[in-house]
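Okay, so chain A shows up in both of these, paired with chain B first and chain C after.
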Partner chain A sequence: MKLRSAIYLASATLALAALTLASALPSGAADKVDPVADAKAFQKFFTDKFPKVKFEDFVNGPYSMNEDLYRQWQEKEQFPPYEFALDMGKEMFAKPFKNGKTYADCFANGGIGVRQNYPYFDEKEGKVITLELALNRCREANGEQPYSYVRDEMAALTAYMAFTSRGKLMDIKIPNDPRALEAYEKGKEYFYTRRGQLNFSCATCHVQSPGERIRAEILAPAIGIVNAMPIYRSEWSGMGTTSRRFTTCNSQIRAVPLSPQDDEYRNVEYYLSYVSNGLPISGPGARP
Partner chain B sequence: MASTIRVRATSSGETTEVQALIQHPMDSGFVKDSKGEIIPAHFIQQLTFEYDGKNVFAADWGGGISKDPYVKFTFKGGKKGDELKISWVDNKGATDTTTAKIQ
Partner chain C sequence: MRNMMPKSALVLALLAASVTSTLAAGSEEEFKAAYAAADAANKEAGKLRNQWTTTANTLAAAKKAADAGEFDKATASAKEAEALAKASIFQATSEKTRWKDMEIR
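After this line comes the complex of A and B, so read on.
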């Protein structure tokens, strides 16, 4: 109980500080954004809050928070439910398009072991490019129809690409471009902004309360949460991408979800991935 | 298309532990799709694991079993290198069979 009131107090102080900052901002505000310090503070918050959890274990979401669940998961991992999607993704990845090219032609290193570099900031376009977006653009550039961003084929493809990148450390870069910093800042803002009828922000569950129950579920910590994507969720009885997670999170707090791969979602993925830098890719994951 | 059945069977001398994952929609027949139309029942009715010409495990399933079901059991006997035959039949008459070597 003490800890919790301390957190509330801390967040209230933070909010106050942010307010004071915001009112003092107008001129030269942009150079106050410091992602390096952000990421450090973010990681420290979780390692301080959960001193017993090994740093690289945070990518295992709810399993890192609960011993019983951890054991169940270890058993499940011997026969993971995402296996069918993984095989399907592998097959799809290798199969050439009608024009004879493959996905491998669209990605660095033939698309193998590159998951940790996504999302990245495209300086030409001035926007964040996620792996799902890059995959669909690859399809369209080769005269194929784009896939749905949330499930099935897209989840299978990203599952395979994540699998080939397992163990590699998340490595998101923010180039020296004010727009990249802006995208990062907007993502951060989205993450901490309350919305929906329940008035939750992403942080309400995944920063304030990881490890606690929300009905029968155990909340995952925000840090490393994207490293496990895409996931097989038993609740969905199927695979889902990061987009599916974002949209369903929004509807669960009774907010109106945005469209998958809208700028806001891309920015928040950019922010979340950046602060998870240094944690290994563990996708595809299995979640209750 | 690869097989719909994944099996791992490991012998520990006296007993053999079998784990299997089967890819199947297992529609109960009570669920509606996004257009409000009922998704017809489509589920596995019979699942058998055969070793040395005998059934070591048989299940009569219905629509209450989850999608992509997972089964785990152990049976007495079973030698390393021997074959285990797994097959299922669903309510539409579709079927799949595979064999796995006991490890």
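After this line comes the complex of A and C, so read on.
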């Protein structure tokens, strides 16, 4: 009798273990972080959704979604509204700090044509480093005060650096480091997480509704959206950094924005840039 | 008439209860309690990195009304702010897993 009970108990335990394993396996497989597969699926989603848009045109945001806007933009590019920022950025970039060094001393290739490699994952620090953050760290390392992440000076500097990188393909690497994968995954989670009283995620506008109007604006596709940063926005009557774009997106959906360059924003920029790999840098951009 | 008495008493009792509750709603103490509850819920939402601008605005409106001595209005705003904060907490909690439903695969 005891033996029979023991057999029943053992069988039940085995069955339970098998069930647990079976239920754990598919979810484990589904939850595996696979940036390569993600980027492929992400790009396919947009090319399937907009078969007439050339792949490299996705970096032109709303202009790639609407022929009339595209023509207006091409005319606008004759005298681009970001030109003043570009000139200012070029001058700032070349001007030595008080210690005689310049921004060029902080970046590979003297900071020219490197925009496509930002953000990157710093394995020493275990965190994502964006271009804006790297610029301020450069300033601080050379005894200068950091700039506001949402004001004109930062926009001008990043505009110049993006301009020198135009046409280069976004080339974000995810090193073989579990922390890098975690940062990427957290960025993805941030991108798809609904927040704010309007219950919007980044994806609500930029995956589900690109090409649609939200009030007077045509929404840009998420793919290539960071390649055009920083941008001159007519709505702002001025330039905006990536940090400004993230924080204002949050406010618009009635979410209290985080501080610029908080981990969440750095991670989401890492994710968005990675899935836009292979698309050319087009910044600085101009948007309605 | 004998039947009317209990009914009148009931009406009076209800009226009294309603007056008492109205008075209580208008008290500074009730406002403080409502505000503290709303503020605590909003701080909880902050820990989840998911505060709403509307919660902050409604809390500010509650404080402004209380400063003007309008405790009815202040308490109502504080209760609304608490409801908003709780909704933001619910959103943050449910989105911990729900975000995956929207992911492009």
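Methods note: the second predicted complex is superposed on the first by the 257 of 288 C-alpha atoms of A that agree within 3 Å, B and C clash if a C-alpha of one lies under 4 Å from a C-alpha of the other, contacts with A are read in each partner's own complex, and residues count from 1 in each chain.
Just so we're on the same page, a residue touches a chain if its C-beta (ideal position, glycine included) is under 8 Å from a C-beta of that chain, and two chains touch if they have at least 3 such contacts.
Here the structure is a predicted model, which means the values were calculated and not measured.
Shared-chain residue A:Gln78: touches chain B; no touch with chain C.
In the superposition on chain A, the chain among chain B and chain C reaching more residues of chain A is C. With both structures placed on the common chain, the touch criterion links A:Ser201 to chain C but leaves chain B unconnected.
Judged by the touch definition given at the top, the superposed model places A:Asp87 against chain B, while chain C stays out of reach.
In the superposed pair of complexes, A:Asn176 makes contact with neither chain B nor chain C. In the superposition on chain A, contact is made by A:Val256 with chain C only, not with chain B. When the two structures are aligned on the shared chain, A:Gln145 is found in touch with neither chain B nor chain C. Contacts of A:Lys188 after superposition on the shared chain: chain C is touched, whereas chain B is not. Those residues of chain B whose C-beta lies close enough to touch chain A in the complex are 2, 6, 8, 19, 21, 23, 66-68, 70. The touching residues of chain A, when paired with chain C in their complex, are 38, 41-42, 45, 188-189, 192-197, 199, 201, 203-204, 207-208, 251, 254-256, 258, 264.
Every residue of chain C that touches chain A in the complex is listed here, in rising order: 46, 49-54, 56, 84, 87-88, 91-92, 95, 98-100, 102-105.
On the side of chain A, the complex with chain B involves touching residues 78-79, 81, 83-84, 87, 237-238.
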